[in-house]
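In what comes next, chain A is part of two complexes: it sits with chain B in the first one and with chain C in the second one.
This part shows the complex of A and B:
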């Protein structure tokens, strides 16, 4: 299993059943549109549509948990900095002593935060409803080289293993007296003793892995067969095209004065 | 041939297998930095190391996919910055091709190059995404002060971003070079196929059955 890292949640919703490419196009064009759309209400509309899809997919509760942790600090920073310091600021919203907060900065920060929210929700919608293995499989069926397919798939497996090993190395080094807590210089000094053994051992393992793959025919110039076919419907094909074409259409509309 | 020769795609199985390992090193570097509560990202050590060891393609692809995977799992906002990671890997690959990591002036040049690539590349993205902020409290406080003081936004945005990149990439480059020279010689030589001069032919592949 591509396990520890994947956010995929089993389900049978419309989005779970859709072709991975359809979901990919949906995510990419939704976030492109969020950044092209000119005003708060348009972006709010895109965010609401994404939210409806999240509810349809049945992953709302998980999304809120992950997305809030990401979005809250950024939103606070944006609201704080732009409200006080934005070149467009001139209407005072409130003032506490010498600190003045402006309306223009507030609305600029709100638009930026909402766009980032769309980016986060659209991406999580994709990763919650799509098995990582399906993404690589679908991309390979559309012409991604099998080598790159291997790179993606094996990275997803190696990362959790490496993180596990990092934990073990940390325990080992601590038992030898390495200090991993305390002042910043002390913690910084612990970085190399934790990093070096981890990296050296995982790099040296690559040679064995390369040989193991080559004896199994990796890199042979042969035609590969598909593991399975994804169900693709005419409706999905049309949806993909419509979504993909909406992006250039929106750019043209912006150039023609969409406000 | 010069610089173009570094870009010739010479991907053997070993180079391909190295890419996921570099991606995992990127992740581990960041994870260890977070466990130690260091105020840095340190999430491109594998990218730089991949570039130095096996060329611009390995480094670049490792950087690109590192960001793709983190945007699909922990941090969707990493997605637009995948271009920067790609550029960092390519820059490290070019530096490695010319052997910059072997001399002191070269190491300094590698560090400066990577800081420049990261900060110049990220600034327009920060302006598009965050109105010029970098999302780090220290840099953003600098940004607020500079914009308040009437500095142009792009310059404030650049200094905001660079204030994070200057220490971050220093440790990244130092660790990557230490790892490079910590590897057994025999092992480093395995990857040096990509340094082959332009006029030298690749060895014939094994006959397929």
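This part shows the complex of A and C:
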């Protein structure tokens, strides 16, 4: 059976112990600032800061695997397309026969690649160090309704559950002789016998889940008690505010001519 | 006479859009602290009986209810299922149905019910630890519920229920997915709960198990109660033997021509055959 969608890796680093909201604000601010910052050096600075946090969190090795799979092809593609074919290209960096590579394209590709790197690193840093349940819990402690909290938590579980169900239906239909592989027409013919039971099973599962929640007292009008007490220090609160305020400040700076 | 834990008075119930009643003319009085086994063939109405006691029928399923279902002094129509969940626990036949679908770890899943009931955190932790220990899943505490096998999931479902500390337990085939060792362990847990005063209504197909554990058995056929009494009385009835079946000891005694009353338990069987059990 499939587990949840969580990428969380057990750990005791500073980031693992930080309040989920601090990590959430850090991630969103880093993303926003990477896209607002005007020059390569600023974005490189953000990327380096994120890299330091990755090392502190002890998830560098795992991140490298993701980076190689995700970022390397994107970066290579950006460098090739922008360097050779950007309309703004005019300063030749090097030429091999008829193939000319331009400085402007390289600069644009580097900025775009770094921004995407920041996006990927910040997102995965957050995912590797924060359990999805903790995010929901932290939000509920800040006033999110338990019903909405349940929706968020179950949404993260529903994809693996549905994939698992689809796998079982596919196995069952194959055992009855349905061909699910091969040419496109064959696959198309198999679509309905696979989708119909999946949709029906999902509807039944939804009804059963609703029943289970009632039986377990979900929705009882009792005062909700916190599941965990997250450590939230003055330093974290100041960091959150500073990061959150840095985004509008950067936007204003850009509008005032920050280059 | 003290207030019964469960009282069914002339109960009939039909699911929505079905003309025929799933259960009819049900009259049962179950005292607090009793352990009652319910058995019968498919479509006998055993699961519906549990759903009625929990209040899911008719509150969740709709349909038509005749008569009165009173649990711990409160009539079913006057109480919501979530309110009843503070005192009554239902274990579904399919353990997957019991899972909240929102928790990433087994221990968190067990804590879901007590959290919904507003139990203080320190007590939740103690209840979770105890419930996982008694059903034997402490080692799985950090696993994802969806990564468990059917048997493990069934234990998790029971642990989630036990952590809610219900006064009345309704168990719909609680060990259907467990191996013999797991089954024995769960029945030991149930015996302990019974001794501590919890009322248990258990749907079970394994007649030998039912006779060994339950001082009282209710046999159902096509939505009606066919017999209600001690295992000896119920399974010595020829109608029950014909329509529900009989424990293997009873069948053996009959097949070799022993006179009635036939044995329903291993110990009685040994006595009937003149073979002492060590």
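Details
Note that in this section the second predicted complex is superposed on the first by the 211 of 259 C-alpha atoms of A that agree within 3 Å, B and C clash if a C-alpha of one lies under 4 Å from a C-alpha of the other, contacts with A are read in each partner's own complex, and residues count from 1 in each chain.
Throughout what follows, contacts are C-beta pairs under 8 Å (C-beta built on N, C-alpha and C of every residue); 3 or more make two chains touch, one makes a residue touch a chain.
Computed from a predicted model, the values in this text were never measured in an experiment.
When both complexes are overlaid on chain A, the residue A:59 reaches neither chain B nor chain C.
Judged by the touch definition given at the top, the superposed model places A:164 against chain C, while chain B stays out of reach. By the touch criterion defined above, A:70 reaches chain B but does not reach chain C. Contacts of A:133 after superposition: chain C is touched, whereas chain B is not reached. Shared-chain residue A:214: touches chain B and chain C both. Shared-chain residue A:154: touches chain B and chain C both.
Looking at the shared chain after the overlay, A:82 reaches chain B, while chain C stays out of its contact range.
By the touch criterion defined above, A:224 lies against chain C but remains apart from chain B after alignment on the C-alpha atoms of chain A. In the superposed pair of complexes, A:6 makes contact with chain B and with chain C alike.
With both complexes superposed, B is the one of chain B and chain C in contact with more chain A residues.
Common to the chain B and chain C interfaces on chain A are residues 6, 132, 150, 154, 158, 161, 209-210, 213-214, 218-220, 222. Here chain A touches chain C in the complex through residues 1-4, 6, 131-133, 150, 153-154, 157-158, 160-161, 164, 208-220, 222-227, going by the rule given at the top. By the touch rule above, chain C contacts chain A in their complex via residues 54, 56, 59-60, 80-83, 85-86, 89-90, 92, 94, 96-104, 108, 111-113, 115-121, 144, 146-148, 160, 164. Within the complex, the chain A residues that touch chain B are 5-7, 35, 70, 73-74, 77-78, 80-82, 84-87, 108-109, 112, 115-116, 119-120, 122-124, 126-127, 132, 147-148, 150-152, 154-156, 158-159, 161-163, 165-166, 170, 180, 184, 187-188, 190-192, 194-196, 198-200, 202-207, 209-210, 213-214, 218-222. Chain B contributes residues 11-14, 16-21, 23-25, 27-29, 31-33, 35-39, 42, 45, 49, 61, 65, 69, 71-73, 75-77, 79, 128-131, 133, 135, 137, 140, 143-145, 147-148, 153, 171, 175, 178-179, 182-184, 187, 190, 208 to its touches with chain A in the complex.
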